[in-house]
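Structures incoming, each one as structure tokens.
Look at the two complexes coming up: chain A is in both, with chain B in one and chain C in the other.
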Partner chain A sequence: MGSSGKSASKGSSKTASQVLILSLMQVWAWVFLACLVLIFIVAVPIISGSSVSFLSVRNSQNILVAITPVLLLGLGQTFVIISGGIDLSVGWVMSFASVISALALRAAYDSGLPLWIAVLAGLITAIIGCGAIGLFNGVIIAKLKVPPFIVTLGTSFIVRGMALLMSENTTVIGLPSGVRDYGNESLMYYIRGEGGGMYFFTKPEVTVDLLRKMDRIITYPVLMTALVVAIAIYVLRRTKFGRYTYAIGGNQVAATRAGVPVESHIIKLYVLASVTAGIAGFLSMLRFTAGSAVIGDPLLLSSIAAVIIGGVSLFGGSGSIVGTVIGALIIAVLTTGLVMLNVPSFWQFIVVGAVVILAVLIDQTRDIIKAKIGTG
Partner chain B sequence: MEKPPILSIRNLTKKFGGLVAVDNVDLDIYPGEVLALLGDNGAGKSTLIKCVSGVHSHNSGSITFQGEEVRFSSPIDARNRGIETIYQDLALANNLDVASNVFLGREKEKKYLGGLVRSLDDEFMRDCSAEALKSLHVELPSLRSPIETLSGGQRQAVAIARAVYWDAGLMIMDEPTNNLGVPEQKKVLELINTLRERGVPVILISHNLPDVFAVADRLAVMHRGRKVTEKKISETNSEEVVQYMVGALDDTRETEMAG
Partner chain C sequence: MGIAKKLGAIGVLSAMLMAGSAVAQEKITIGFLPGVVDPFYQVMEMGVMAAAKDLGITIVTQIPPTWGVQVQTPILDAMVARGDLDYIILAPTDKDQMVAPLLQANESGIKIITVDTFLGDGDYANGPVTFPISAIGSDNTEGGRISARGLAKAINGEGNVYINSTNPNVSSVEARAVGFTEVMDNEFPDINVIGLDFNLNDMNTAVQQTSATLERVPDLAGVFGTNVFSAQGAGTAVVNAGLGGVVQVVAYDATKFAIEQLREGVVSLVLAQKPYDMGYMAVQFAFADSAGVTSLPTKVETGFAIIDINNVDDPEIARFIYQVAE
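Let's turn to the complex of A and B:
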């Protein structure tokens, strides 16, 4: 107990160990992620018996590419859940976006427009189409007061039907081949071994042999996701929009009485969730050079898991974007790591499920301890 | 009471279907006074207050605030005109910090790129909140932690600080000492005294007669939608007030009989 102990108010009964436990529980997700990475770094070469490194350029980039859609779905979801709602439709909305952006892109390109305009047309179609779905969700939830769980459950079926109808229950193909570059090329390239090195902004012209050793660092979809994440962090932490989101999740009646435009804000939140899902669908369409009506649905629960592992309370009022990023990383690291350890893939589900429950248990215990110390 | 009243209610009536919740009520409140509004459950005091704070729209009669006849379309409308209501359940977002609550719905923003990019000016809002609290002689452990970590009385102080910061012309407090411990109740009463010193009139709705006699200048009692009496605190006592509250005494009946 130094001078800092004296200056603390005497009413507080916090001891050093309690403070330590609390702060550890506050950042447990970071610690957990770091531990996972360390474990895999050590275990992967030993168990696989090769010189494969978990933190290799290739593997880390694969993880980033893999979390892109989960993260985008989780971003909008983070806002919605902080406000006390939930959006179960984002999975199928992502699929819908993949299909309509592929159709729009193909139509634009076939009509003779340059590729970049066709790609842009695909993005705009995805944003407008998905924004309309979000508007539908938001209006029914905010104006007609139907619980978000039910509205978005219904919407997810409707959008599923629409996506399958528009894709005629098959993959939308026949996109210009240049689309692949938008979805897979990157800011930087790294070629291992002799004659290799780092290349910035332009893809190196190399032999097929060297090409096999080439890794793409920060592909365009990853870059775009990073941009969206940065904007989301800013909006949630530093703007009125973010403040209102927390206020509505904390006490909707108070927010209304304080003059927060609660109804229109809730509508905006569901539009946001649908639009980020739309961007996810658009980026996956670029990555696979095809529109798929079944791409998004399996990611819905992973994205909600990421949000929850990241510490967003399902009761609303608390959470952060950074938490969701960590949550998505934990899921991706776990999944990739287990694959590299040759663990049968079904174990991934079991482990991720256990982590979700563990995450909520830790958060609840922390709140109980906090409350006890607070009133002590 | 030479000054004109801040708020003047005349012949106010509010009906819900066939039920007359507020029946032809007159009431005035003057600058710098604390008026207690009393009555049993269902006496109509909450409905009356809700007409003033913009929750309900009255059927007939008039409300004059600061010399102008008003009819508020919403609580926000009333608040923008300077009538702040502090509700029993406080109307604060417990997950936000003090400054966020003081400025909720009226945030101060910094603008960049000609207003294209905006961010919250948290520093400004924190400074102003600290000042408002200081002017009320309230000290809080932290302005940065969510207010769920504060006690009930401290939260009440935050709600009052919000009203003071936004320069309320009239404060309506609905059972402000409910659910508070005794020392906290005392603090809230002190806050009401501070408000009076600052010239802010307060309408205090309370069941708690000792509170009323501790801080109010005048009291009005309602019974079954009607105002049955209005007295200076110095001219009455608890026993008499209770008689009015249960309907055993009724000034309006006496005048009827006299007339």
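Let's turn to the complex of A and C:
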């Protein structure tokens, strides 16, 4: 938040306890996630019976599958919020991507192309189509200086309407059945118990009984999301693109003076946010084997919550991708854990809401303590 | 056809009872995952719980806060991950998109029974989707036809009518609109179906859409609301426009609100489905299947009760109003 600089001169009388508190606050989201997992590991067998375990291969994979859409929406959003903006259109951009990638995939396949090329065509269509929406957002925000909140709010309605219009009544069906494998099969298969074992790349042909004990490890959508996350971490930490993003969020005027191409960078950020949302839409199209014009509706607020829980300041200038991953994990672990405890999943909203507020409070308190003890 | 199905169901029930007494069964656990939190599914849950109590079965219930595959799927996955469920009774929120997630659940050994809505075309014997045991629900096309005839009678067989529905590609409401339109086209030449809007399961949107239609078509004679939210929204819009009793509304689903509007003359006909029976029967089917009954019908239609102002106080009919026990 840029407040540490002002107070750096105040002296450096850090006590050990202050340092401890400060470092705990730095990693509180990790600690919270760990506590949550521990609570579920202990409580689930006690409450739901000893045959139910939170700590299973299948459950871990479920959580990974569940976070992919929220995380992908959150990734681009992390960049945008670090730069001091916000993108309210990502949920609907995701729906739009789901629709156009399904249409493109179906058209390509129907024209006689092999399935993998059709799938690729779907991905490319999603990226280009959503990139164009991001470009639209970015140009209006950067060049015409309209606040991002307003622009992306407007875009979200436009995109929602386009998705519904193009989707042939909200759902694009008639995709080749092989699409289901792209969205649901995995790199590895683990079959529990006798006669089981690990299998790689292709789904093992086994008896029904063994099939029942089979867990999919790292489904293709999870793999692709992991790749995007890795790239995002690298870009934000190690490249000029990342440094520009922090610089603009920290102080836009200073960034301009320092020679950062602010306008073009802001445009790129909104393109990025739309493209990651587009990938989310493409992957959900694969997973559900259909394009859906309403698939992203419930996800916008979850993705912003994940970003905030992850410690990205809404005032810009600070935050990390890993934080957003933790934020998304906290939300997914809560949903899964509560269902396994047979607690109404509505509680998830209450806990997530409380954690969002807690995250901001901790963030602010940390800044105050930092200012007090001086971290210059 | 209806009678044959009923007889079939009775046969199944007796087979189940025999199976229940003959075989010492392992205790089964059933997951119940309706489409969204609303009075219809709440009544269904009562049926599920009642059957579970009668048969000594454990039920794990999760109710999605909003309608949609993106909300229902993670809950489904988590239920599967529990590892202790033998059956899942659910109302799929999309007949195509829920196939892949449920196929995975089924592959891991959980048997599926769909209630209210179904997968594919609902024909688990010969249709595109065959892995679920059974589809238990209303014959929604027939429900649409009954609604059409009721509305036609209320408007004396002439005028413009409008349909307000929830989401496309949801098996139940889609069939209602199809049945409704079919009857209007074939049996009532002087009635025009002038439009169909989707409110995406949002009552506020249903109100708006119906209000706008009332503006667009000033001589609108009747509205068909294809589910709880649609009918409540349509009824509200008609009252707001001061046209209560002038524009006839047929409400699919017998919520207390719909009944209130029936008493006020806003709604002329309420079509009650039998969610309690759906829930109860689905649990019985799971129980029968676990006892080794192999002849369960893949499709069961639970029928309707038609409620109008003349029979609304008849206890035989009033019991089908969706009331959740306190």
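By our rule, the second predicted complex is superposed on the first by the 363 of 376 C-alpha atoms of A that agree within 3 Å, B and C clash if a C-alpha of one lies under 4 Å from a C-alpha of the other, contacts with A are read in each partner's own complex, and residues count from 1 in each chain.
Convention: a contact is a pair of C-beta atoms (placed from the backbone, for glycine too) under 8 Å apart; a residue touches a chain by one contact, two chains touch by 3 or more.
All of these numbers come straight from a predicted model, not from anything done at the bench.
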item: Partner chain(s) touched by A:K240 [first = chain B, second = chain C, both, neither]; value: first
item: Which of chain B and chain C A:G317 touches, first, second, both or neither; value: first
item: First (chain B), second (chain C), both or neither touched by A:G249; value: first
item: Which of chain B and chain C A:R257 touches, first, second, both or neither; value: first
item: Touched partner set for A:M340, first chain B, second chain C, both or neither; value: second
item: Chain A: partner with more touched residues, chain B or chain C; value: C
item: Chain B versus chain C as contact partner of A:V294, first or second or both or neither; value: second
item: Residue ranges of chain C in contact with chain A within the complex; value: 60-66, 68-71, 73-75, 77-84, 94, 96-101, 103-104, 107-109, 167-169, 198, 200
item: Chain C-touching residues of chain A, taken from the complex the two chains share; value: 48-49, 51-53, 56, 58-59, 62, 65-66, 69, 169-171, 173, 180, 183-184, 211-214, 216, 284, 287-290, 292, 294-299, 332, 335-336, 339-340, 342, 344-346, 349
item: Complex interface listing, chain A residues touching chain B; value: 9, 234, 238-240, 243, 246-247, 249-251, 253-255, 257-260, 317-318, 374
item: Interface residues, chain B side, partner chain A - complex; value: 75-76, 79-80, 87, 89-96, 100-101, 104-107, 109, 118-120, 141, 149
